[in-house]
Structure formats: structure tokens, C-alpha cells
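Two complexes come next, and they have one chain in common, chain A, joined by chain B in the first and chain C in the second.
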Partner chain A sequence: MKHSDTIVIGSGLAGLMAALTSARRGKKVTLLTMGSGSLSLNSGVIDVLGFDENHAFVESPRKGIETLPKDHPYKKIGMDMLEKSVEAFLAFTKEYHFPYRGSLDKQIMVPTAVGTLKPTCLAPHSMDGTGFKGCSKVIIVAVEGLKDFYGDIIKENIRPLLGEDLVYEIVTIDTGLTGGRDITTLDVARWLDHDKGMTTLSEALKPYAKGSETVFLLPQILGTSGHAGALALRGKLESEVIETTCLPPSVNGLRLQKIFYEALRDSGVDIIEDTKVLRAVRKGAKCTAVVAQAAAREKTYEAEKFILATGGFYSGGITMREFEHPKEAIFDLPVWFVPGEENWSNEQLFADKPQGFAMTGIRTDENLLPLDGNGKRVYDNVYVVGRNLGGYDFCFEHSGNGVALASAYKAAMM
Partner chain B sequence: MDKATVVVIGGGATGVGILRDLAMRGVDVLLVEKCDLVNGASSRYHGLLHSGGRYAVKDQEAAKECIIENQILRKIGTSCVEPTGGMFVRLDIDDPDYEGLWVKGCADSGIEAKPITLEEAFRLEPLLSKHVVSAYLVPDAAIDGFRMSWQNVESAKRYGGRFQTYREVVGVLQENGQVKGIEVRNTITGEIEKIACDILVNAAGGWAGKVAALAGLEVGVQPDKGTLLAFNQRITNHVVNRLHKSSDGDIFVPHGSITILGTSSMSIPDPEDTSSSREEVENLLAIGEKTFENLRDYRMLRAFAGSRPLYMPPGGASGRGASRGFAIVDHANDGLKGMMTIVGGKFTTYRLMAEKIVDQICAKLNVTEPCRTAEEPLVPEVSENDKKEARKYFPAFGTNLAATRLGPERFARVADSLKNHPEKRELVCECENVTLAEVEEIARDLSSFQINDIRRRTRIGMGTCQANFCALRSAAVFAKYGQDNGARDSIGQMKQFLQGRWKGIRPVLVGRTLREIEMTRALYELSFHVNGGKKA
Partner chain C sequence: MSELTKAIKEKTESMLTADHCLSCTSCMAGCPVMEASREYRGPKLVGPAHNRMRFSQEDVEESLDFCSNCKSCDRACPSGVEVSTLNMLRRAEYYKTHPHSQRDDMLAHGERMAKLVRSMPFGASCANLGMKIGKSLGIFKSIGIAGERDMPAYASKSFLSMFKDIRQTSSEKKIVFYPGCFINENDPEVGVAFVKVMQKNGYEVLVDREFNCCGSPLVVTGYLDEALEHAHNNVARIYHWKQQGIPVVACCTSCSLMLKKEYHELFDEPEMKEAAENVYDAFEFLAMLEDEGKLNTKFGSLTHHLLYHVPCHLKSQGFGTPAAHILGKIPGIKVELADAGCCGMSGNYGFKQDKYDISMKIGERLFERIATSKADTVISDCGTCRLQIQHGGHVEPCHPVEILAKAYGEG
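After this line comes the complex of A and B, so read on.
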């Protein structure tokens, strides 16, 4: 039997942030993970709040949060904790050579693989659309054989957003990376981790570079380690280079995941992979241990404190085998949901109001401890974070990673 | 003004069957359809090629037609039929007396129903409920309604048959009690066009009553909605039918990598109503899990519904009680010469229905050519040699599937493109193994106006990921080859395509379907930000 101060379950952004924050407070932390976490699926930028309840664009996430209803996770977390979590995140990414930028007062506009501009709060330099400012020419860099990045549609859609007066040109580069299967951004990023790839790319692009007049818009291919690739290419071209969001795998999400794992190891967090947590052991108002399945055996992990970051419906932390019966898989926590077929979803997939089903989750008090339907605390030492929280639609309001970051930070600090 | 000797209204199985038959007999024929081909009940059903077993007790005439047509369709449309075989199983809660009636009904109708031991039944279908008490094998099969219908059209084209999609009939032109033509609205441009004809065939299925009304006629068609569920796995090997009096949710049909469970029966006022409610889904699951007890553990891809065109002769029964047979109405008897309506029937008998009405049309036109639709294959098969050659260039294991989808001419063009342009080997849809070359081939076709039209012919977006990945990719192809601004609007096309998938996902938004849709939204609403929002 293993004993820790804190056990964190789940390895998405919330789980990683909770584990790191706890460890940096001097706690003995065990992180239990089952899959690879959701960072490889999302673009690794931190949306805090992009749209309000009426689907109106929020210029300042800080001000937008004030208008949210009292049951929204941000209201439980509090502005103070949100600010501190952003500070901690910015400091950590800087320390690990992958500095993010941004603040709660202003959105950063990130170009997407379909040529729209997506608001986010914190992003690495290489995804910050502010870099388009002042340029007169945008060079869209497509890669021979790379799926999911189509210069034509990016050009068509981004033109009205950045300005009809700019010049747009598509350049296709040949990486030589073929061999019987479709290549992904990750293949190209790995190729660019090496000098040979980077030199090939920069030589191909150099003829188009005209200092601050040109900006290069690329898929997420600039290396798998922090901002090294973006720095190198920017240095060689002496022009701004910007990456778009994309379909999975998300290289930028993986870059962020990579520095989290480095930091967790540096902080002495014990990471147990491929382990499925089955159930909790309860004593009075406290959880004393969780039982997990590793290979064919069950193993018990004891701790003083538990942080549940299992990712809601998205990652299987919450399941719903039958309509109107959502379940939290490990602690059997009460799951709040919007009843009624007519409220469960909107007729339109992309609507001007949140989707009912997306609001499903666990309700907590201001300490992020789970509550039952009567508002009574269910556990005194099990904290709920990230997508497991009820009462917000992360897609509609563009708030997923922000809620994950801030709730994880707060849970770790409690 | 466009003109044809015969105009056929309705691009479902019946309509395209008539188109082919007339064209093969040398008649100048044009088919008009208000949407894309095969958009109504001909694709919105379980895809069962009936052995006739389902009708062996209630309607032996229909049962006999089924078993004969079953054999014919296997022969003329080999690549449309998956010869899964069928099984009828009786559960311990089902009426034992019915079994006897059914066995006799099959024998009387010429359907071979072979009793098998329970041990054999569980060996063939390991997931069956242990409440099964008897089992029979019948010659049911799975059939692809999209493909069969498109192959009819391809065949008709070779004989000079023509078709126009996205043309909605808005008026019937007549003079002195004789049909002169129709007025159609181009649903994409909004323009009104006239088409002259000598004979007008109303094969509009659930919409037949509405079309007849345009000519001031009355045809008793009751649209009857059938809801079905598609599961993401192959739950059965055979078509599995419950051996009891027909009811909702008692047929499982395996298709490719999925299984379809059907079907409910509900009279509806409007054939356009293809919505499904949670209650309908729950009903289907509740009955379906009697035959397969762990049904709820499988991920549902979507629910879908179509409206059967049940014919209501004055004073007849409705719903499940109504005949699944078909009827041909010659409106000369109602005072309008040259107009005929065909209603009722089922997919399995579409060819026979076409033959019967075309016989009558030919008699009017003094055409003596006999019907050859039962002998001649719909499309020449792609030769084994061509497939062998193409396998060198096809990525993954998509060659056979592509060959059956495309037919020889298109297949040859796609294989050529793959050979000469390695970059076209990219898979646009990994779920159904569809290459960029194939999507481009269909995207360039003048009958493709939206990604959904490409979907119906290539199966992109119909598999496991329900368009999460191919929506972007096919929109990019369409942006390049689309024939108008609408087709080239990449964001609009993606949203419309995903909305089409959403319609079927909504009623089954439970279990693992929830995870999939969280992913869809995270990709398109968050990462791609296609849902705009309002300026502050």
C-alpha cells in the first residue's frame, strides 16, 4: 500500500496543473493516469472566456466573468485564484522554455486551420495573431502531403479578417516525408526538431521573407519542444512566424504536456500510468484511499487529499448509460444535469445558446468540494476540477482550459 | 422548354427503377427529384433485402414477391447486396402458436426456412439472448439502398435516361383533360422551369399525395414514419428477426461495420418529418434488448427516420395493418389522361413495381420492347484484373469497397488518379476508407451541390467519427471543385454537413455518443471557431 499527501486522478490540463501546484507546495503527490490526457487533442492555448451567455464576444475575460451566473465554476473559484493560477502558469511556462503570453484583460486572436481567428487568453508567441499587425504580406505555408491544412480555404476565410489590402500567397514545401501513409503535423514537427529539416524549411521560405513586411502562417509544425522551433525559424527568416490551431494530434498541446511532465518529474511527483481507478474507500466524511486496477491486479493508494480531474463526459469521468442517469465513475458523486429532452440539446449544433447536456457535471461549494442535490457536502477531502465541474459549456463560451487551470490551482492550494 | 416522352417524379428506388426500365425499352424519359437522389425512404430504412419471411403470415402475396425479387436483385446488383443470410428467433415470451403459422406461411410462399438447433444459433450469433427458444435460417440479406439506386441511374444513363435533382414539382400542366407537362422550381436558384411530356408518372413515395394534389387529384397515401438506430459495431452476423407478430424494434441488420435496428411505425401528417424523439429511441432499445441483452453497451451512431408511403384504398387499414403491397393508379379514370401514380410497396420489390407500371406505360405508347431489368446486371462489375492493378495504388484496404461504390468507369478514373498522383491517395475518411481521388471524382460531378450529396455516394461522414475529421477535408475539396459559391463556402459547407450529422445524433445523445459530440464541438466550435458569435 502506498501513501501520499495528495492523489490526483487524470492527466489533462487540470490534472497536470493540480499535481504540479500541489508538488510545488511541498506535498508528496501521486498522479494516476489512464490514457494520454486531452492535451494532445486540444490546441494547448488557454481560453478563459471568449463569449458571454448571450454569445457576445468578450473583450476582457476579467470583465466577462463578472457577468456570469453564480453557479458558474469561475464564481466558485473566484477572481483572486484565477489571477494567481494565470501567474503561476505564465511563470512555469517561462521557466521551462516555452513562455506563454497574455492577460485576463484582453483576448489574443489565434488563427485557425480554417482561416478564422479564435479568441483565447494565454498562448505561446508562435500562436499569437497579434504578429499580423503591420505586415503587408501573409505567406501561407502548406506542406506537401500534410492533411488538414488547406491553404486555399485559409486564404479565402482569413482575407476579410486581416484585410483585403494585404497580399496573400500560398507556398507549398516538400519535406520528403512520404512512405505509404498520410503524414500529420507531428511527423513534420519531429522532422523540424532536427537541423536538416529546419534548414530545408528555412531555405525554401527565405526567398519570400521581407523582414517585418511578411508574416508566415504555418500548421503546428515548428518542433515538438517548447518554442525552440519557432525561435529558430523566426531567427533565420527575420520575419514573424505564426502557427494555426488544427485537428488532432495537436503539436502545441503536446509541447505543453511535455514541459508539464518534465516539471512533475523535477518536483518529485510519482506518476503511475495506465492505471484505471475503480472505486474509493470511504471513512465518514473522508476518502482514505482509492483502489485502482493495474494489469490484472488491484492496488490501493492512500492519501489525505484527492483531486478528481477525470474529464467529465469528454474523457469518461462522467458516464450516462441511460438518459437522465449520469454517474461519476469513481466516487459515485452526485452529478447535476439539465432534465427534460427539450432542454438536453439545441436544434442547431452551433447555436446562439449553450447546449444543455454540456452543462452536466458535479456541483461544488467554494472550496470545490462536491455537493449533493440539497447543497450538502458529500466528501471533505475530494476536490473536483476541470471538465467534471457542472454548470458551464466550455465550447460555447470558450472557457475549457481556463476553468481547468484555475480550478486545479485552487484545489491544489486548499 | 425541356421535354421528354415520359417524366417521372421522385428519385427514390421506385422512380429510378422506372427510369431504368423505360430507358432500356427505348423510351425518352426524364426523372425529376426535389432533393438529391435517394433522399427519402429508399435510404431511410433498415437496408434489409427481404426474404419475405417477415410477411409470411400476414401478407403472402407480398412474401412471394419478396422471395422472387430477392433472388433477382442478388443477381443484377451483386455489389449492392451483402449476403449475410437471415435468422428468425423466437423468445420464450413470444407466442408459440405463431411459430407454427409462420413455418406454414413460409412453405406456402416458397421461402426456405431452415430450423436450426439452439446450439447452432448461439454459435452463429453469440450475443443472442439466452431466452431464445427456437431459430430458423432464411435467405434475408443486407442491401445498400444508396448504391442500388445510383446503379439504376447509371444503367439508365447508358440507355439515354436523364435525371435532374433539386427540382421540385410545383405545377402539373394540363389541357383538355390531358397532361402536357410540369412546372418545376430549381431549389438552388429558385428559378421556375417548364418540362413538356406526354406521360407523367408520380413516384413520389410519401409525397405522392401532394404531387397528385397539384393536378387536382386525390391519392390516399399515408406517410408512416419508421425510426431506426444505427450502432457503431457489427452486433450480428446475420439479419436477425424476432419470430413474432411484427412490431417495433425487432429487426437487426448488419451493414459493413455497423448494425441497424428497426423499425417503428407511426402515422404522420407530413412526410418531411424525419425527426426522432427520445421516446422512439427508448422504445426501440427496450424491444431490441430483449433479443440482444447488452444492446445499451454499444455506441449508437445516430437515429434516423423515413416515411413509408402506405397506400390507403378507400376504407383500408393504417399503420402496421396496412398492406405493404403496391398499387398503380391510372388517373385517366379520374379524368386526367397521361398521368399515373404508383404508391406503396417496399424497397425489395422496387424493380417489380417499375416493371408493372412501365408495362402499362408502354402499352399506351405502343412500345413493344419487353422488360429486361431482371436479366441485365445494373452495372458491369469491376474486373478482378482491374482491382488487382488498382490495389497497388489504393491505401489501406479500400479497393473492393471503392470498386462497389464507383462502378467500372469511375473506378478506372479514380485508380488512374491514384496511380499518377500519389498525393491523391490521402484518406479523406479513415472510417470508411475513402481516398481524396474518390471524393474529388464525386465532388466534380454536376449532381453534387453540398457535401451531403458526396456523402450519400462515398459514405464519408457515415462511420465511427460521424464527420469529425472528414468535414474539414471534404470542405477543402469542395472549395476547389464545387460548382457554385454555395459549394465553395468552406465554413458554410462544414456547418451544414455537421448539422446533418447532428440531427441524427441528438436523439441518441447518451452513453458514448456524448463523448464523440464533445469532441466534435471542441474541434469545430473551439479549435476552428466556426460558430462566430456576436460582436460585443
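After this line comes the complex of A and C, so read on.
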């Protein structure tokens, strides 16, 4: 039986952040994972709060959070811990050569793959739309053969947002990555990891670069390693380069995932991959171990403290076989939900009200320890983070990675 | 209905996992072949998507041939889809109506060839010489085997014949060692080191000559009916030992994965699952001894900085990397994880001429890691990973158990 100080279950942003923060506090950490986690599926920018309960745009996440109801995870986490988690994240990304920018006071506008702008709190330089400021020409860079990035649509949508007076031009790059299956942004990013690709791209774009007058808007293709690709291209063109969000697999999410794994290795976290945690071993108010499935047999992992970061419905952290009976399978924690079928979902998927089903999750106290329906603690040493938490619709309010980051940080610090 | 068609028809469990696919693309981001080649359409489309869309046996996905069965997709998948196994089942189905090449026949049947070689006087050295000549004459290349590579040389004595001369201290505590083809024929020193390690831990090591090849090379080349025969034989032997309470332990991670997990995923027979409970990877077994406080930690000191390439087929066993932890206990040893993904060899995949470039491209990350690391020795549990490390990394790697044996000192 392996013994650790802290066991973290799950390898999405919340799990990775919880494991890293715990390890950096000097704890002996074991991370148990199944699947590669959510970061390859989301753009890896940190939305803290984009919209309030009435779906009004939030200028300052810090102020927006004040207006949230008391059962919202942010209220349990507290502003102090949210601030510290942002600080820790910014410091960590800088240390691993992928510095993020932003603050809780003001949104960063990130261009999307259809040419709209979406608010987020923390983003790498290469996705920070602030860079459009002061430019007079936007060069939209399409890639031959790359689906899901249409220069025309982007141009049409972004023009009213950035200003009709700017000049917009579309340039299509031939990467030579033709033949065989359709290419993805990940293929192009890998091509740009090498000098040959980067030189081809920069040579093709150079004629359009006019210093600070020009901004290049590209799909998420500038390399798979931190900000190296963006830095190189910006250097060669002496102009700003900005990437849009994209469909999965998300290059930027993978960049973030990569530095997390580097940092976890550097801090001595023991990572056990491809193992599904099945159940907990309980002694009184404490969990003493979890049992996980390995090939041909179960393995038991003991620890003093457990952090649950297995995600919501989508990643199977919360399941529902029967209507109104959602379950958390490992610790069998009580799962809170919006009762009544009529409140379960809105007719429109992208409505101006949170979706009932999306609020489903585990309710906790201020320490992120799980509570039952009567507000009584269920475990003294099992902390709940990220999408396992109930009481918020991350999609509606744009708060997914923010809640993940801050709750993970707090749970690790407890 | 032939044995195979029956086997596949009834094999619903892996097939059913295809229905759990959410089209999330995680497997695509993780597939090393997709990264190296645009000819492969990738796990999501070739595996679960095609599985749901196909309507007849003739409905063949051309690029399926590119899958190396490295299982990175299975590990990336959040929904438990057994993508690689789906691919191997489909490949077998394809070869039911299409002929195998001479090359595939040769790569799949290494065990048969070895038996022939061992039955001749001076067979091993003649065969090695023959392979050198064959290579220089381009004979291998002409049938589609990568001319750039050396075929792995036969050891002058197989492990099983060396084993006869090892004097062991007998013990109540016994394990059966499953060497697998590569250790037995090409790298017997790994087996010798393993016996020593087990002896130092108070175990007597047995062998079972009735075991045959685990079938991994057969599965990946589409000889699934033969693989099933191997499975039946090996599972019966594992049962035999299980009844006596003697575990079966393997040092080769592709063998242990096959015995522990792939038989059951491919053929779905309950006995396979039960037998699997009696099979262990070597370091998994040692880690269990450690958990019980029974691992002999009287290590001498060694001076090594090790770079550990963790084989894909070890990662797929879901117990982490205990070798890194155990070797880390030896005074003077530093273990660094290479963390460079798949090596690109994937059993016999890298030996195919038409896959050689892909194989080497996949390996680039690891080769570069080896070149820039300050480590003095590269270790890896898988025999074919070690061949790739030798070929592309230009170093002489060894199995982690050889380092452990060294740490226990002479005698």
C-alpha cells in the first residue's frame, strides 16, 4: 500500500493545480488519472467570471464576484484565496516560460475562431486581444487545408468590433502539409515547432509586416511549447501576433498541460496514469485510502488528505443513471441538483439563464469539505474542487477554469 | 463459423466501448502515429467512429494499417474506449479475407523461427551471420523489412538453457518467471538478473517450458486466431500455477500487458480475466513486496544517473512507475524520467520498411532527450524499446532489473 500526504484524483486544470500547489508546499503527492484530462479540450485561458447571473457582461471579475449568491463556489473559496491562486498561477507560468497575463480587475478580450471577442481573465500574451490597440491594419492569416478557420467569417465579425476604419486583409499560407487526412491546428503547431516551418511562415508574412501598425491574427498554431513560437514570430516580424481560440484538440490547452506536467515532475509528484479510482476506504469521518483499478487488479493508495477533481457530467466525475439521482461514484458524496424537471434545462441551450442541470454538483463548506442535504460535513479530509462543485453554470457565466484554479489552490492550502 | 469469426462476433465488450465515444479528440492529441504521419486518419475516426459507421465486412478503413497498437489513445480517452483493441480486432478481420505478406508472416512468427534456429548445431551464430549477410544483400529489405535496422541477434545461449545452470537457494516462496521471446532468445541477461533479484528477496524462481509466445507480435499483424491458441495455452498454464498459489512474473511489459489485459480485451473469456490476476510485472511485484516491508533494501552503492524511458505498455498497466522509485533507493543512483512519449518501435512496427520513417520520427523526441540528458545510462523495461533506443539514440540501454541486480552486489 502506497502512502502519500495528499492524493489528487483527476488531471484537468483543477487536478493539476491541486497537485502542483500541494507538492510546492512540501507534501508528498500522488496524482491518479484516467484519460488525458480536460486541457486538450479547452483553450487553456482562465475565465474567472465573464457574465453575471443576468448574463450581463462583467467588466471586472473581482466586482462581479461580489454580486454572486452565497452558494456559489467563489463565495466559499473567498476573494483572498482567489487572488492568491491567480498570483501563484501567474508566477508558475512565468517560471515555465509560458507567462500568462491579466488581473482580477479587468477582462482580457480574446479573439475566437469565428472572429468574435470573448472575455477572459488570464491568457498568454499570444491570445491577448489588447494587442490590437493602436494598429491600423489586421492581417488575418488562414492556412491552406485547415478547416474551422475561415478568414472571411473572421473578417466580417471582427471588423465592427475592432473598428471599420482599420484595414483588414486575408493572407493564406501554404504549409506544404497536404495529402492524407485533414490537418488540424495541432499539426500546424507541430510544424511550427521546427525552424523550417517557422521560417516559411515568417517569410510569407514579412511583406505584410509594418511594425506596430500591423497585427497578425492567426489560428492557434504558434508551436506547442509555451510562448516560444509566438516570441519567435513576433521577433521576426517586429509586429504583434495574436492567436484565436480553436476547436479541440486545443494547442493552447496542450501548452499549459505540458508545463504543468513538467512542474509536477520537478516537484516530485508521483503520477499514476490510466487508473480509474473505484471507491474510498472510510474510517469514521476520515477517508484513509482509495482503491483504484490497475490492469488485472485493484491497488490501494493511502493518504492523509484527498482532493477530488474528477469533473462533472462530461468527464464522468458525476453520473446520472436515473433522473434526479446524480451520483459521485468514488466517495459517494451527496450531489446537489436543481429539483423539478421543469427547472432542469432551458429550451435554448445558449439561453440567458443558467441551465439547471449545469448547476448539479457537490455542495461544500468554506473549507471545500463536502456537505450533505442538512449542511452536515460528510468527510473531514476529502476536498472537492473544479467541476465536481455544484451551484454554478460555468458555461453560462464563463467561470470554468477560474473556479477550477481557485478551488484547487484553496484545497491544496488547507 | 471459424474460431476467429466466432471469437470476434462474440467479442462485444471492446466493441461496445465504442459507443462511449464522445468525439472529444483527446485520443487524436495523444496518438504518436498521427503526429508523425498524415496518412493515418487517427484513433477517433479509425476506431470508434468507423466502428459505428461500418456496415459490412468489406467496409475497410484503409489507414488502419498505420496503427501501431501503442495504446496511447486508450490512455488518453476519458470514457474508457478501447480504441487500440478495436483496431486490432478490425485488422484481424481484414486478414480473414486478404492474404498476409511474407514479411508479416516472418515478423509475427519469431518464436517459430527461433525454435528452428535453436534446433540446429551452432544455429544461433549461423543465424546471426545469416542475418548480417541477408541484410547486406538486401534480402530483408526486398520483402519489406526495414533495411536500416539490424534484426535482433540471437544470444549464444537462450535464457532457458542458461537457467539450467543457475544454482538457486531453494525456498518455500516461489514465483514462475515468464521470460517471453525477446528475453529468452535475444537478451537472456535480463532474465539472469531477475533470478538474482528474486533470490536476494528470498524467492526461488521456476520456469515453465510449456508457456509459448504471449502472442503480441501475432495480434499486431492480424493473426488473431493463432494468438487465441497461444492465449488458451498460456492461460491454462497460468491457471495451473495459480492453483498452487505461485504467481507468474514477467520482465517484458508487452508480454505482461498481453497476459494481464489484452487477452481479455481481445477475446473476452472470463478465464482470461481470472488467470490475469496471477500475473505481475516484475517491478509491480517488487513494489508489492516493498509495501509489505519485505523488499530487501541492502543495496551496495552504485554511481549512475539513469534516464528512464517508460514503455507505453507499462503505462497502460495503471500502476505508475515503481522502478523509478525502487531504483531511487539505491545509494548513488539518480533516476530521471525521460517523459518523451512513445519511442516509435511498438514491437515489430518499426521493423516494417514502410513504417520505418514514421517509427524514427516518433522516436525523435526520445533521441533528443537522450542526447541532451546528463544521464550515463538509459533504462527501459521493454525489449523493443531498448532496440529503438540503441538504433536511434546510439546508446546501450538496459532493463531496470539489471541495475537492481547490480546493486545487490556479487554473489
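Here are some notes:
Assume the second predicted complex is superposed on the first by the 414 of 414 C-alpha atoms of A that agree within 3 Å, B and C clash if a C-alpha of one lies under 4 Å from a C-alpha of the other, contacts with A are read in each partner's own complex, and residues count from 1 in each chain.
Keep in mind that, in the parts below, a residue touches a chain if its C-beta (ideal position, glycine included) is under 8 Å from a C-beta of that chain, and two chains touch if they have at least 3 such contacts.
Bear in mind that the values here come from a model prediction, so they are computed numbers and not experimental data.
After superposition onto chain A, the partners chain B and chain C occupy separate space and fit alongside each other. Once chain A of one complex is fitted onto chain A of the other, the partner contacts of A:41 extend to both chain B and chain C. In the overlay built on the shared chain, the residue A:147 is in contact with chain B alone; chain C does not reach it. In the superposition on chain A, A:50 makes contact with chain B only, while chain C stays out of contact range.
Looking at the shared chain after the overlay, A:58 reaches chain B, while chain C stays out of its contact range. When both complexes are overlaid on chain A, the residue A:293 reaches chain C alone and has no touch with chain B. One of chain B and chain C touches more residues of chain A, and that partner is B. After overlaying the two complexes on the shared chain, residue contacts for A:226 are found with neither chain B nor chain C.
Contacts of A:187 after superposition on the shared chain: chain C is touched, whereas chain B is not.
Once chain A of one complex is fitted onto chain A of the other, the partner contacts of A:316 extend to both chain B and chain C.
Once chain A of one complex is fitted onto chain A of the other, the partner contacts of A:114 are limited to chain B, with no touch recorded for chain C. Shortest separation of chain B and chain C in the overlay equals 5 Å (C-alpha atoms, whole Å).
On chain A, the surface patch touched by chain B in one complex and by chain C in the other comprises residues 41, 180-181, 248, 314-316.
Interface of chain A with chain B (complex): residues 41-43, 47, 50-51, 54-59, 112-114, 116-119, 144-145, 147-148, 150, 152-153, 156-157, 178, 180-182, 245-248, 312-316, 319-323, 341, 344-345, 347-352, 355, 357-358, 394-396, 398, 400. The touching residues of chain B, when paired with chain A in their complex, are 277-278, 282, 296-297, 395, 422-423, 426-427, 469, 472-473, 475-476, 479-480, 490-491, 494-495, 498-499, 501-502, 506, 509-511, 514-515, 517-531, 533-536. Listed in rising order, the residues of chain C touching chain A in the complex are 22, 24-26, 28-30, 35, 37-42, 45, 63, 74-80, 257, 260-261, 273, 276-277, 279, 291, 315-321, 325, 337, 339.
Remark: chain A residues 1-2, 34-37, 40-41, 177, 179-181, 183-184, 186-187, 190, 248-249, 254, 261, 265, 270-276, 292-297, 299, 314-316 touch chain C in the complex.
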